[in-house]
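Okay, so here's the structure we're looking at.
Order of writing sets the chain letters: A, B, C, D, E and F. Residues in each chain are counted from 1.
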Amino acid sequence: MKDFEKRAEVLIEALPHIRKYSGKILLVKYGGSAMTDEKLQRAVMGDLVLLSLIGVKVVLVHGGGPEITDMLKKLGKETKFVNGLRVTDKETAEVVQMVLAGKVNKHLVTLVQSLGGRAVGLSGADGGLIAAKQMDPELGYVGEIESVDVRPVIDLLEKGYIPVISTTGCDAEGNVYNINADTAAARIAGQLRAESLINMTDTAGLLEDEKDESTLISRIFVSDAQRMINQGQLSGGMIPKVGCCIEAIRRGVKKVFIIDGRVPHSILIETLTDAGMGTMFMSGENYDG
Amino acid sequence: MKDFEKRAEVLIEALPHIRKYSGKILLVKYGGSAMTDEKLQRAVMGDLVLLSLIGVKVVLVHGGGPEITDMLKKLGKETKFVNGLRVTDKETAEVVQMVLAGKVNKHLVTLVQSLGGRAVGLSGADGGLIAAKQMDPELGYVGEIESVDVRPVIDLLEKGYIPVISTTGCDAEGNVYNINADTAAARIAGQLRAESLINMTDTAGLLEDEKDESTLISRIFVSDAQRMINQGQLSGGMIPKVGCCIEAIRRGVKKVFIIDGRVPHSILIETLTDAGMGTMFMSGENYDG
Amino acid sequence: MKDFEKRAEVLIEALPHIRKYSGKILLVKYGGSAMTDEKLQRAVMGDLVLLSLIGVKVVLVHGGGPEITDMLKKLGKETKFVNGLRVTDKETAEVVQMVLAGKVNKHLVTLVQSLGGRAVGLSGADGGLIAAKQMDPELGYVGEIESVDVRPVIDLLEKGYIPVISTTGCDAEGNVYNINADTAAARIAGQLRAESLINMTDTAGLLEDEKDESTLISRIFVSDAQRMINQGQLSGGMIPKVGCCIEAIRRGVKKVFIIDGRVPHSILIETLTDAGMGTMFMSGENYDG
Amino acid sequence: MKDFEKRAEVLIEALPHIRKYSGKILLVKYGGSAMTDEKLQRAVMGDLVLLSLIGVKVVLVHGGGPEITDMLKKLGKETKFVNGLRVTDKETAEVVQMVLAGKVNKHLVTLVQSLGGRAVGLSGADGGLIAAKQMDPELGYVGEIESVDVRPVIDLLEKGYIPVISTTGCDAEGNVYNINADTAAARIAGQLRAESLINMTDTAGLLEDEKDESTLISRIFVSDAQRMINQGQLSGGMIPKVGCCIEAIRRGVKKVFIIDGRVPHSILIETLTDAGMGTMFMSGENYDG
Amino acid sequence: MKDFEKRAEVLIEALPHIRKYSGKILLVKYGGSAMTDEKLQRAVMGDLVLLSLIGVKVVLVHGGGPEITDMLKKLGKETKFVNGLRVTDKETAEVVQMVLAGKVNKHLVTLVQSLGGRAVGLSGADGGLIAAKQMDPELGYVGEIESVDVRPVIDLLEKGYIPVISTTGCDAEGNVYNINADTAAARIAGQLRAESLINMTDTAGLLEDEKDESTLISRIFVSDAQRMINQGQLSGGMIPKVGCCIEAIRRGVKKVFIIDGRVPHSILIETLTDAGMGTMFMSGENYDG
Amino acid sequence: MKDFEKRAEVLIEALPHIRKYSGKILLVKYGGSAMTDEKLQRAVMGDLVLLSLIGVKVVLVHGGGPEITDMLKKLGKETKFVNGLRVTDKETAEVVQMVLAGKVNKHLVTLVQSLGGRAVGLSGADGGLIAAKQMDPELGYVGEIESVDVRPVIDLLEKGYIPVISTTGCDAEGNVYNINADTAAARIAGQLRAESLINMTDTAGLLEDEKDESTLISRIFVSDAQRMINQGQLSGGMIPKVGCCIEAIRRGVKKVFIIDGRVPHSILIETLTDAGMGTMFMSGENYDG
C-alpha cells in the first residue's frame, strides 16, 4: 500500500504543472539518440500521448539525419557538407523529403497511434506550411524559410491531433528544399505563440565546460547565451541549437529548453515534475554580469 | 536521476487510465474519515482538482453527519433515530440544510478553490436539483426523492466547475427534506449516465468476513451483492451503502466502487494507477455460483 | 370587457420598458422589510421571475441581518457592534456564512424555483466570487473586498439562471469574512457592467427632509448626493446605502435606484411602468447649484 | 400608488402565460376590422411587438380583401365570385400579389418597425414558401397549396424578425396564384409546429346561435365543430374559418383560437391574461354528446 | 470530344476568378434592357444563381421604371418630372412601392427560385433597411436616404438567400418615399463593404465619345470620371449613373463596373472570364493628366 | 464578343451540375496516364482545385506504381508478382510507403497548393485511417483492409482541405502493408457516404468489345457488370477495377464512374458539363436481360 501512496504523490505533484500547461501549445523538437534508440523513441511518443491526453496541445517537429544519409548511400548519392550544411542537388532534396515525410514521419505517426494517441503527419508542403527559397546557390536545394503558415498545424490541434512535422519546404515553382529542423521548430513555435519549446539533444543541456556535465547551466538569459556563442564558448552542433533557442525566445515562445534526450521520459520529467532538467532559456538580460 | 525516472513511470502508467476517464463523468460520494480528518480532506480535494484538470468531469456529493449532530446539540435539539433514520422535525430539517449547504458545502468549495480548482456548491433546491416528498409521516421531514433534475449539474460541468452537492430536497410547497446522501448520489449518477461512482467509506471495501480485511472482495456481481444482503451477511451502515451501489449499477452507471477513504489519495490510486482498491460492483449475474 | 382592455393597456405600456431592459443585467440588492415580510418576499421573487422570463438578466444580492442575529443568540454568541459594523470572531464569521448561504440563500432559491423561475445560489466562495481580506484587526473577520471575479455569475446567467448571491468572502487561507452586502452589490454590479442596480430599503427613497416622505428626491446627481453626505444631511443606515449608490455609478453601472421595499412589486413598478419610484442616481454634476 | 400596484398585479398575472409561450411559435391570422380600422391595426401590431420582445416567436399571416377589390375596381377589372371564391384571371392574380405583397404587407411591416419591432415581409414566392397549383380550371388562377416550405419563416425567426406573410403561391412555371389566407395560415402553422394559431375575426367567436353573442362557445372539440358544420349550424364565412381551425389542429398545432378582432388588444388579452376570449378549439372527441 | 475540352478550358479559366470572389459580396444594380427583355432577364437571374452557388454572396438591387409608369397610367395618375426626378404625391409613392415590392420584386424572386436559387425580397421597409426623408418639398415623396441598416441583407446572406431589394424608403411616421435605385445601390454596397458593384446599363460602358462605342474606356480613375462630369462630357442618365459609381468607390466598394446589360450573361463574362467588359472605376487619381 | 457569350453558356450549363455536387463528397481514384503525364497531372489537380472552390468536398486517393517499381530497382530490390499482386517483404513494404507518402503524395500536395488549392496528405497511418492485416502469408506484407476510420478525412474536409491519400495500412504492431488503391478508394468512399467515386483509367470506359472504343457502355447496372466479370468478358486490370466499382456501389456510394484519364480535364467534363464521359455504374438489376 505504501507504494500506492507514493504513486499518488507523484500524480498529485504533477497538478500545478498540468494546470500550467493546460490548453497551451508545447512544441518538441525531436532528434538525436531519443530518435535513433527504439526504446527511447517509444518513451518519447508515450510522453507526448500522455501530455496530449491531459490537455496539452502537443506539436512534434522531427529531423531525420541518419536515415537520410543511409538512403542516399543506398541510392549511391554522395553527401557533401559545406559549413555543416548538406549540399543538396534536386534529386537529393527529393530523397530527403521522401525519407522524412514517407519514412520517419510515418513511423512516428504509427507509433503515436499504436500508443493510443492521434497523430497526423505534415510536411512543409501540406497546407503550405513552409514556404522556402534558396539559401545559397552553392548549397543547391538547401532552403531558407520564406514564411510559415501555421494554419494546418492549428487546424489539426483543434481537431485533437498531434501534428508530426517533417521540415522540408517548397517554393512557388514547387521545388523542394531541405530545411534545418531546429530553425523550423523555432519559427513554427514562434508563429504558434507556443508556451514552450523543448529541444531534445544528446547532452545534459548547456554546459559551462563542454566536457563536464556537472557544469550544467539550469537557467540562462538569452543575452548570456548569445555572449557564450559570440565568445566562442560553444562548439559544433551546439552553436546552431542554442542559436535557435535564442531565436525562439525572440519570436515570443515563453519558455525554451534544451533537455537530455538520452534520459527516458525526460519530457515528462521536465513538464510534469518539480525536477527541472537541462537548461531553460529566459528572455531578458542578466544585469549581474 | 533514478527517482525522476520512477516518477515518469508512474505518470506514464496513468496514461491508459486517463484515456478511459477522459471527458467522462466521475461522481464521488464523500463521507466518513476522509471528510472528518483535515489532512485526508485536503488529499481528497487535491485528487478531485487533479482529475478535473486532466479532463475528467468530477461531481462531488457529500453528507455531513457529525457537523449536523453537533449543531443540533448546540441549538439544544435532540436527535431521535428510527430504524437508523433521523427523525426530523421542520426546524431540524432546516438546520440540516443550513449546516450542509452553508457550512460543509462552502468549506469544501473553499478548499477546492484554494487548491486551484473551480467549484460551485449546489443544494437540492438550486436549479430544482432534487424534488422530494415525505417518506413516512412518522419520520417527519425525512425525504424520499421524487425526481432528480441534473441540468444544473450539467450546466456547471459544461462551464468547467466541479459541482459540490449537498443532499437536501424540496417539495412544491417549499418544505425542506433531509435526503440520504448515498441514495441521492446513486440517483444523480444514474441520471448523469456517469462512467463511475466512487463511494468512500471507512472500510477496505466489501468483506467476506466483516471482521477480516484480508477477505476483501475485489469484484462482485450485483446479483451476488444482493444475495449477501438478503442472506444477512452484511450489517449496519454497510447494508444501505451496498444497496446504493446496486441501485447505481441498475440505473446505468458503468462502474461503481466502494473504496477505503482512510487511505490518502485512494481516489487517485483507484482511478489513475494499475492498483485496484476496494470493491468494484459489476452488472450482471455470476453464473458460477 | 372594459377591465380586459385596461389590463392590455398596462401590458402595452410595459413595451418600451421591456425593450430597454431586454438582454441587460439588472442587479437587485435585497433587504429590509421586503425580505422579512413573507408576502413582500413572495412579491419580490415573483417580480424577479417575471423580469427573468421576459429577457432581463436578473442577479439578486441579499443580506440577512435578523436571521444572523437570531442564530447567534440561539448559539449563545453575543453580538458586538463597532461603528455600525459587527465585530466578528472566527466562529461568528462561520455562523454568518452558514446562515446566509445555508438558510437565507436556500430559502430564496427555493422560492424562485417554486414560482417557476430558475435560480442557483452562490456565496463568495463559489467559483472564487469574492476574494476578501481583513478590514481592521479590531473588527476580526469583517472583510474588505480584495477582488471580485464575476465569471460564476456570468456563467449562471448564460445558462439561464438567476444567481442568488450571499456576500461572504474568503482569503487565500480559506478564512471566511463577513462582507457588507451593499458594498458587494455595488462592486459586483460594476464588474458585470450592469444596466441597473436597484437597492431596496424601508424608505420611500432619498428625502430632502428625512422625516417627510413628501420631500422625496426623484433624481439626483451623484455629486449632489455626495454633498448631502458631506454636509451631514443624511443619517444612520442611509449614509452607507447612498455611498454605495454613488460607488456603483462610479464603477460604471448606468442607472442606480433606491426604492421603497415596503410597496409590493415596487421592482416591477420601477422597471416596467411609466411610474418612477424612489430615487434615481445619475452620473455627473448638477451645474445649477 | 394604488394604481401602480394594480398595474404590477396585471404584469404579475401575465407571468404563467409568458412562461407558457416563451420560445414558442404563435401564428396570427390577421383580417377583418382589426385590419381595416387604423386604430385597431396599430393595437394589433403593438401586441405582436410586445409578444415578440418577451420571447414569443410571432408570425403574421394576412389577407387583404378590401384593398384588392379596391385596386381591381380602379384598374377596371370586374370581380367575379364562384362559391365564394374569386375567379381570377392571370392579370387579376398578379394584381392580387401586387396589392398583398407590395401594399398591405409593406404597410404592416412599416408599422411593426415604427413600433420598435423588427419585421420582414414574405410572399409565397420568397424562399419558395408556398408552391401552388391550379385548384379548378374554372376559377383560373385560384391556387391550391401543393406544398409549404417554412425554411424562410424559420430563418427569419432565428434572426429575430417577425415574418409578415402574404399568401400568394407560385407553380414551377412561375405563375402566380391567389391562395386562401385561412388555409395558408393553417398549413404554415402546422408545418412550423406552432404552439398556437389565433384567427382574428369580426365575431365574438363561435356561437351556438349565430345571432346571439351571449351563446359564445368557449371551448369546443374539433369533432363537435365538424359536426356543427356538417349539420348546417354555421353559415357564410364562418364555415371555411372553422374548417381551417379544425385543419390546423389536425396538422399538429396545439391550440387554435377564433378571437374577436374588434376588441383592442384582443391578442394580448387572450395570450397574457387569465381572461379567455373567443373560442378555443381542442383536439379530440367530446364523448358526452 | 474537342468541344468538351474547350468547355473544360472555359471552366478552368474561371478558377482564379472564382477564388477572387469566393465568400465576397457582389451587388448588382439591375435595370435597363436586361430587365425589360424577358430572355435577358432570365440570363441575368441564371448568372446570379450560378455565382451564388459557387460561393459568391450576391445581392440584387432593382429599379422598375417602365412598370411604374405603366401602372400609374392605368390608374390615371399623370407623371410629372422635375430635373429628371419624378414628382411624387403620396398616392404615387404608394403605387411606386406597390409595383416595385409587389410586382417587379416578386417576379424576380420567383425567377431566381425557379432557376434553383434561393431568394427573399426586401423593400426599404423590411427590417428598417432604408430610412428616408423628404429631399425637396417641391418633389413631394421623393426621398433622400437618411440612413441604411444592412442587417436584414446580411441576415439573409448568412441564411443562404440572394436578397432582392426594391428601393423605397420610410420615415419615422411611416411615409413611403421613392428612392433612386442607383444611389441606394451605392449606399448599400458601401455599407456592406462589398467587393464589387456591377451597374447594368444599355451602353457598352463609359465612352470617350458618347456616339462611338469603339471609344469605350476600360478603366478609369474616379478623379477622371468626376472631371468628365464636371467638364460636361457626359449627358442624360449617364451623369447620375457615373456619379453613383464614384460614390460607391468613395464609400469603400473595392471594384465598381458599368457593364452592358444588353449582352447576355454579361455579369458572368465580367466576373468569371478573363475578358473584361464595360468600364471599371478605380479609386485614386490619374497623375498623368 | 461571340466568344464571350459561348464561354458564358458553358458556365451557365454547369449550373445544375454544380448544384448537384454542392457540399457533397467526390472521391477521385487517381492513376494511369493522368498521373504519369505531367501535363495531364496538372490538369487533374486544376480540376480538383476548381471543384473544391465551388463547394464540392474533394478527396483524392492515389496509387504510385511506376515510381515504386523505379525506386525498388534503384535500391536493387527485385519485384515479384503473384496473381497480379506484388509480393512484398518487410523492407519492400516500407519502400512502398516511403515512395507513396513521401514522394508521390507530397508532389501532388505541392501541385494542388501551387494551383491555389489547400491540400494535406494522409497515409493509412495518419489518424489511424487504414487498419490492415496480412492478406496471405505467401504475399508477405500485402494487406487486406481490416477497417477504415475516415475521421481524419472528414476533419480535413471540415477544415477546408483536399485530403490526398496514399494507401498503405498498419496493423496493431505497427507493420506497414501495401494496400490496393482501388479497393481502398471503394472502402473510403463507402465509409464517407460519398456522392460520387470517379475512377481514372487509361481506357474510354467499360467496353462491350475491349478492342473497340466505339462499343463504350455509358451506363451499366452493377448486376450486369458482375455478369460481365463472371462470364469472362473482361480481362487484365479491368477485372479488379470493375470489381471495385461494384463494391463501391454496394457500400453506398451513389454514383461510380470509370472515366478516361487520358483526356485532359475529363473530371470537369464528367462533373460539370452535360457531356457524359466513360461508364457510369448504377445500383440495381437490369430486368430487360
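Operating definition for what follows: contacts are C-beta pairs under 8 Å (C-beta built on N, C-alpha and C of every residue); 3 or more make two chains touch, one makes a residue touch a chain.
Remember, predicted model here, so these are calculated numbers, not experimental data.
Summarising the inter-chain layout, the chain whose CA centre lies farthest from the centre of subunit E is B.
Farthest chain from subunit A, judged by C-alpha centroids: D.
Centre-to-centre spacing of subunit A and subunit B amounts to 45 Å, using the average Cα coordinate of each chain. In this assembly, the C-alpha centroid of subunit A lies 69 Å from the C-alpha centroid of subunit D.
Chain geometry summary: the mean Cα position of subunit D and that of subunit F are 56 Å apart. Residue positions of subunit B touching 2 or more other chains: none.
Order of chains around the touching ring, counted from subunit E in the direction of subunit F, is E, F, A, B, C, D.
Within the complex formed with subunit A, the subunit F residues making contact are 74-75, 94, 97-103, 105-107, 109-111, 113-114, 118-123, 125-128, 152, 155-156, 158-159, 161, 168, 170, 172-174, 176. Of all the residues in subunit A, the ones that touch subunit B in their complex are 1, 3-16, 18-19, 22, 43, 46-47, 49-50, 53-55, 115-116, 263-265, 268-269, 272-273, 275, 277.
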